[in-house]
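Next come two complexes built around chain A: one with chain B, the other with chain C.
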Partner chain A sequence: MNLEHRTQEGVDIVKLPERLMMADAAGARATLKEIIDRGSGKLILNLSPTSFMDSSGLAVIVSALQAARKREGDVYLCGMSNTVRALFELTRLQTVFQIFDDETVALRAFT
Partner chain B sequence: MKILVIDDAADARLYVSLLLRRWGYEVLEAEDGHAGLGLLLAQDVRLVICDWMMPGMSGPELCRAVRTTDLGHYAYIILLTGRSDSADLVEGLNAGADDFVTKPFEAQVLRARLRVGERILALEQRLGEQNRDLLESRNQLAQAYHQIQADLATAARIQRQLLPTSDQAASPFRAHWLFLPAAQVSGDSFNFFELAPDLVGFYHLDISGHGVPAALLSVSLSRSLVPGGGPGTAVADFFDPATFLADLNRQLTSRDGEVENYATIAYGTLEKHTGRVRLALAGHPYPLILRQSGVIDILQQSGLPVGMFPEVDYRAEEVQLAPGDKLVLYSDGVTECRNRHGEAFDESRLRASLSFAAQTGMSLTAVLDERLRDWRGPQDFEDDISLLVLERPLTLSGLSGSSGSSGSSGSSGSSDRGNRSGQDMRAPQIPPAAERTTP
Partner chain C sequence: MNPPTSTQTPTPPEPAAAAPQAAALAHPDRLHLRLHSDPAEVAELQPHLLDLCAQAGLDAMAAFKLTTAIVEALNNCIEHAYGGEPGLPIDLEWTRSDEAVAVAIHDEGQALPARALDPATPASADADGGRGWQIIHEWTHAVSYRRTDNRNVLTLTYYLT
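The block that comes next holds the complex of A and B.
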């Protein structure tokens, strides 16, 4: 899956798609894994375009976190819509991820 | 390559045959169209050289006959003719000829034309083979697809068979439930079972994802989530909800950190004579308690879903059910059920339904069944919808032992297992542990 990706100050910044559902999960999972394996393990996922996410999408983001932490890195999230935030809160995943308003703040937290 | 030469003139036939043999072809001869057609039907001949003018059946007539006959392969036909004007050519092509050689002809011209024919026949054969391969692949795919669909349906059936059939195990408490399965197999499941004479264990879970992996996980979880249902499921493990979920999480988390399927779950125990509930949550929607007074409480002590991270701590919350109180466990299929405008049912409507049931004395599951169906409209549900209600009776008359009839009225007529549940109410209740002990 093609995801908008750039690297800034050693941190990979990826924009997630509008829909992160069952059908797109496998593609997004593979792309993120590749980015983490090639990069520093520090990853910012920008969820501002994402308006639909289901449990498969959530699994992809958690897998990315596990992969990043294996490389002593981390995954920071930003730009969450209210519905996506509700999904994270319902599953308590907001306790596992650092969540920021936007990329700039997330990047500052990393560097 | 075998070539059929059809010509009524013996000398001309002989000449062409001689040339063909010299070029290495195998030759069959026929002195008229009917005999030629007979040979074509009887033998595997793909290349035909045929004279135009013949008594009985002419060259073009033979072409027409060949094109309307199923030989099982293509026959490439070259007409030999003294005619050369375009009207004749059109007539021959329309009749089904592939090429013409004008008499008198040079041997090399005939040879070149034959090579064209061979190339086209080779192409035709390759196409035919590819077509057969494609057709076969398509059939195999269709078969595999049907097999998967059938397997998924079986998984769904097994999964649903593992749902409770009566609420006797919870007696004197009453259990009601609502189960509206989505079109696809998904992973809602719930059950309750006796852990000790005064203690009931219960769970409500929702497996993430869809398809085969989710169905497999759901069935295996439904089987192992009851005492004696699988290895490592001794009754003692079920007493402490927080430890229970931590153990379950450890079992479900893959070592390599890939998260494909996970589950959200509410697991608790219920002390029958005191109404004391201990409940632990793993990423599951917060259960509600509808008090006898109509007040709605919410239980929010939750940990992460099971199957994501290897070591997770869970904490159990303790709460008291007074006579008439109802504990309501549900999946996010309820709150996220969308109407045709994409609007979610939400916790607010769930709470309103609870209040409505309390005020009118109607069955909670019946109220929600109707409201959710109305909300969704004619479309199938996108996700499983399920709801389990544990209710402490106002009086403890049920303790005397006639509680079998209290029951799961909520599910009758409200799910696809409604009828079955009606029948099963009469069947002797098999303790879940025994039902699920598999060798």
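The block that comes next holds the complex of A and C.
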């Protein structure tokens, strides 16, 4: 799956797609793992384009976190809409991830 | 991929036209969609479910919640009832009254395990999966299940008042 990706100050920054659902989950999971394995393990996922996500999408993000932590890195999230945030709160994933307003603040927290 | 099909009728519904036409129907009170056990079909249907929720009078957050619950139920049909086998039938009946939206999802797969109907044990926060049923239970007002003639029927109800 093609995801918009860049590296800044040693941190991989990835924009997630407009929707992250079961249909795309395997591809997104593989792409993120490849980025994490090739990079520093520090990853920012920008969810600002993402208007819909299901539990398969949540699982993709959790698997990215697990991969990053194996490399002693972390995954920070930013740009979350109110609706997607509600999904994270329902599933208590806001207690697992650090969530920031935008990429700038997330990057500052990493560096 | 076989696209989902839809129709709007006042009497027992039959699937007919393409799913995108569902969104063009004005305030459908009763709708029957036929899709297949393919995640791409669920993805294709998702924006139309949001439209249906909005047409039923739900605000953006409520529409997101009900749509997500329906998507999770469809995902469960694909992943668990049919074990990932593609191309098998799933029927979705949408019924809107003054009081509620009821969404009945029919499949011909394996019966639902009893634990699925127990909302008391959500997945741990950092688990890799297992959140679908939590979403279904928490983001609808009632969930009922019956198995008749080797068919599963899961009905999600969202009250409008």
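Just so it is clear, the second predicted complex is superposed on the first by the 111 of 111 C-alpha atoms of A that agree within 3 Å, B and C clash if a C-alpha of one lies under 4 Å from a C-alpha of the other, contacts with A are read in each partner's own complex, and residues count from 1 in each chain.
We adopt the following convention: a contact is a pair of C-beta atoms (placed from the backbone, for glycine too) under 8 Å apart; a residue touches a chain by one contact, two chains touch by 3 or more.
It should be emphasised that the depicted structure is a prediction, and the values quoted were computed from it without experimental measurement.
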Looking at the overlay, what does A:93 touch: chain B (first), chain C (second), both, or neither?
-> both
Can A:82 be said to touch chain B (first), chain C (second), both, or neither?
-> second
Chain B or chain C, by number of chain A residues touched | C
Kindly classify A:70 by the partners it touches after superposition: chain B alone (first), chain C alone (second), both, or neither?
-> first
Does the superposition put A:21 against chain B (first), chain C (second), both, or neither?
-> second
Partner chain(s) touched by A:62 [first = chain B, second = chain C, both, neither] | both
Going through chain A, the residues touched by chain B and also by chain C turn out to be 22, 55-56, 58-59, 62-63, 66, 90-93, 95-96
Inside the complex, what are the residues of chain A that reach chain C?
-> 19, 21-24, 52, 54-56, 58-59, 62-63, 65-66, 82-83, 86-87, 90-93, 95-96
Chain A partner, complex, touching residues on chain B are 208-210, 257-262, 264, 283, 285, 302-305, 308-309, 332
Touching residues on chain A, where the partner in the complex is chain B = 22, 55-56, 58-60, 62-63, 66-67, 70, 90-93, 95-96
Which residues of chain C touch chain A in their complex?
-> 39-40, 42-43, 46-47, 50, 60-61, 64-65, 67-68, 71-72, 75, 78-79, 122-123, 125-132, 134-135, 138-139
